[in-house]
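Look at the two complexes coming up: chain A is in both, with chain B in one and chain C in the other.
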Partner chain A sequence: MSEPTGVIHDIGYQRYTGPRLGRRHVFGALYLHGLRTAFGLGRSAKAKIFPWLVIGIVTLVAAGVTAVRSQLGEVVMTYAQFADNMSWLVIFFVAVVAPELVSRDLHSGVLPLYFSRPLPRGDYALAKLAALGSALWLLLGAPQLVMFLGAAFTTKDGMSGVWDELLDLLPGLLYAALWAVVFASVGLLIASLTGKRAFAAGGVVAVFLMTAPIVGILSIMPSRTVNELAMLGSPTALVHAVGQYTLGDLLVPGGQTGNQLGGFGPLYVAVAVLLVAACVALLFARYRKVAAR
Partner chain B sequence: MTLIATESLTKRYGGTVTALADLTVAVEPGIIGLVGANGAGKSTLIKILLGLLAPTSGRVRVLGLDPTTDSAAVRARVGYMPEHDSLPPDLTAAELVTHLGRISGLPRTVARERASEALRHVGLYEERYRPVGGYSTGMKQRVKLAQALVHDPDLLLLDEPTNGLDPAGRDAMLALVHRIGTEFGISVLVCSHLLGEVERICDTLVAIDGGRLLRADHISAMTTSTDVLAVEVSEGTEDLAARLTALQLPVTRDGRLLLVPLADDATYDLILGAVAELDLPLHRLDQRRHRVAELFATREPSHV
Partner chain C sequence: MSTVSWITARGLFGRRRFLMLFPLPVVLVLLAVLSRSLGVDPGQWGPPVLVGLGLAVVLPVVALIVGTGVLGAEIDDGTVVHILTKPLPRWQIVLPKLAVATGVTAVTVAVPLYVAGVLAHSVRLGLALALAGCLGALAYSALFLALSLLTRRPVLLGLVYVLIWEGLLGNFVSGTKVLSIQQYVIALADRLAPTSLLETSVSVPVAAVMTALVSVGFTVLAIDRLRSFSVAGETS
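Right, the complex of A and B next:
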């Protein structure tokens, strides 16, 4: 019998004397975890299917639009319009990912483990919101980058053509950010109300889709003022209206429509800001209650 | 240094339900047992110690810090194991504990190392790479303990750590808690409604009932007087009681049981002798596990 060559020593419990990182790092860790969760990274294969299916579709659309433009010279949609045309996919993406981010934590009861750590409860909500917002922005922004690259490499005007494209792209990315912020705050608030993922997903879809008919009804009412205010009726229309007001012909190519908003453009911007602020405030209030339970 | 100190601590919910009433207690570092029946205010006290709930009135200090104003500093040095199921089923134990370590402020690589260490200390090895959803209750309790330990706290707050475990699992969990308190040098506050369990491992015992302090003392001072033998015979209970009284043993009736304070091993002999002399069929003779109820029974009427 040979002598054992290696011995495993139980070195016992080691106290930790190294650095403990501050609030910013903790927030960053939670944010990154949320962003990875949104795309199913570090999760089971089943959790990856839906996010990557959506990403596949938007990339495919962007590639198609780019191809048509470079081959036929026809602009199918502008950068800003791309976000509008993808609104259905965005809604379903929020409906799946928002519950994944917050309802799952409520359901599994993991929140006491978070709130017994040096993590302010507002930071938890904010990190999840930032994660969902970034995920949405990447979802809408990355395909625009594909479109931009396609256009930049096929432009016939040299550097000035590339520059013009860039000036078109930036408002498109800002508009995508508006979509991301509004949809993330509304979607996350709804999802944070229940621990049941199916209910949360249904709630998100309901709020975004069921409000669309309100806009339709208001816009055919026999009053011009009501028609001009119709787009306040749903979050989707609200974002579109703010886009129309701020981006003008980048979103609605010139001459296609008259001014649907009348003089209410600033009101739409104010309502959008208020909506986001109210959702964030309610989200904070929600987690103040959850944490004390 | 005083580990935990409260001063006239009171917590009322909605002005009507009183969870804690005028609780004043101070405990030294070590293993502390917090016992009380369900609804006695144990979980409320823990939440106040963590700074998750604000007390209605009174003062509280944990590790020399005030959790109502300095909750982040307190929570950085405290580990908490909740009573209820609190693990997301689709994450592996290693991922979960690493993630929670980072939320406690550990750098990324340190969090991973310490998560493996913590899981190893609670007895989870290769299983830690499997999703928690497939774990047994005993393993889940161990993961909950590991996540409380990952950031090397100075104080562990364990809310019913033996909940749902079988007797062997309970013993293993209690041994683990005892090891943490003695070998690891971390103070532990163990909540339980079973006095018999915590008295085996703790140095100090704090008993509360209805939000009021019943007793807070060193374990040695508390248990010697409450050791009791339970005797059950199928017939002739009265005769046996009379005989034991004649032997100067202070017998009390509890239903079909006779309760005899256990002075020393001779008490066993006296009882067995009496049963044999009367030729009674003895059902059982065992040392009673102390329950919180017994502490309540001996309290002064002024508390009621």
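Right, the complex of A and C next:
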């Protein structure tokens, strides 16, 4: 009988003793990752096709509008109107990006890994929401910047012309932010309901497209009050109505505002805020449920 | 009813997410009933409900979700291998799946279209819309079924077709209407029941020939693609 000669080697495992960055940095990392996912950055070429297709089209439209304006001096659309005219592309972009952001994580079951970090449930949803919102804002804002640059360099009034353009651009960017917030919250809520990206994309498009004709029907009803409230029927029209109320003739040239909305402008603003708040609350509730599984 | 179609039908109906499809036709019927009961002129509410909602949104979106779901969902899961390894000719896999997709889409779309058509004008318009809707369901299903074999992202590509090609370009560039299933359906319905509610620039013979061509062509393409189908992993 010999003594056991084995030795447990110390192969140098160590505990991490450095600083731990905490909640704010987790949120920041998740947000940045989400924003990169939205545009397919850091991923394969196939993941870039659809986001950049949309970006290509909106940039092309902006360049076309700028060219027409600088050559013929004809304003095809104002900065605020740009977002309205791109609404189908915005819907498509949401249908592409929202499932990428949330449905993949649901499908592959990695949420417990996220939630084992110092990351509250709400933060995960909020970071994804912020990423989608920023992506949408960039999608609508960047082409407006192209239009602004085109107009600023070809203006004939010197600095005051540039300043006027800037005053037109800023409400346009704010309006784009309104689009981004409303569409991101509604789209992300729908996408978070299913782990299948295909179904999520279909659902997002179905909800946004289905609601548009409702507005058309309500606006030809025989009651004036119903007509004035018709734009509550769909997210797209709701955003447009809020824009009409707050921006006025920047959005609808010719001073025909007021006819469509009646005295319900403040109501539209309130409903838009409520819609976003409700969507965010439901999103939080959804992630409380998912996290509990 | 073959086993493949049985499996496909169960795969579609067995999940809760299928209920997601039902609000679409219900909204269509509700809007038609509401407009009718309030006595709005059918000339005003007909086009937005029948064409704007029914033929431009409900039909393609339902066909897209169902048509890509019958085969695309199995490809995504990887369970398509179980069918592919059976000693079945490929057409015996594609045709039953196409039949189920067309049947489900046609029932979901034709019934509300019939109701809305009757409320808007006459029983004849209702029948015409329902029949044209069924033909459209066949063409769309064949297209989306083939798409789910051609690419790993059939839904997004299908959305590009529905939203950008038919929706966006169709409004600005009239030339694209010749290659739009939606316009064929409108032309066929208008031929079966001539009213002032439906308007299109595509002629009826073109619509009929193109609908048949799309249905047969994409089915043959799908069968051919399934012959040399390679199962790949998750898309990145």
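Descriptive notes on the structure:
The rule is simple: the second predicted complex is superposed on the first by the 276 of 293 C-alpha atoms of A that agree within 3 Å, B and C clash if a C-alpha of one lies under 4 Å from a C-alpha of the other, contacts with A are read in each partner's own complex, and residues count from 1 in each chain.
Operating definition for what follows: a contact is a pair of C-beta atoms (placed from the backbone, for glycine too) under 8 Å apart; a residue touches a chain by one contact, two chains touch by 3 or more.
Quantities reported herein were computed from a predicted structural model and do not represent experimental measurements.
Applying the stated contact rule after C-alpha superposition, one finds that A:Ala292 touches chain B and leaves chain C untouched. Once the two complexes are overlaid on the shared chain, A:Ser44 sits against chain B and chain C alike.
Once the two complexes are laid over each other on the shared chain, residue contacts for A:Leu89 go to chain C alone; chain B is not touched. Of the two partner chains, chain C is the only one that A:Leu209 touches; chain B does not reach it. By the touch criterion defined above, A:Leu132 reaches neither chain B nor chain C.
Shared-chain residue A:Asp105: touches chain B; no touch with chain C. By the touch criterion stated above, A:Leu30 is placed in contact with chain B alone, chain C being left untouched. In the superposition on chain A, A:Leu113 makes contact with chain B only, not with chain C. Once the two complexes are overlaid on chain A, the chain A residues touched by chain B in the first and by chain C in the second are 43-44, 47. Residues 43-44, 46-47, 50, 53, 57, 88-89, 91-92, 95-96, 194, 196-199, 201-203, 205-206, 209-210, 212-214, 216-217, 220-222 of chain A touch chain C in their complex. Residues 12-16, 18-23, 25-26, 29-30, 33, 42-44, 47, 104-105, 108-120, 291-292 of chain A touch chain B in their complex. In the complex of the two chains, the chain C residues touching chain A come out as 17, 20, 23-24, 27, 31, 34-35, 38-40, 44-45, 48-49, 52-53, 57-58, 61, 64-65, 68-69, 72-73, 76, 152-156, 159-160, 162-164, 167-168, 235-236. On the side of chain B, the complex with chain A involves touching residues 47, 50, 52-53, 72-73, 75-76, 78-80, 82, 84-90, 95, 99-100, 102-108, 110, 114, 117, 121, 131, 147, 151-152, 157, 180, 183-185.
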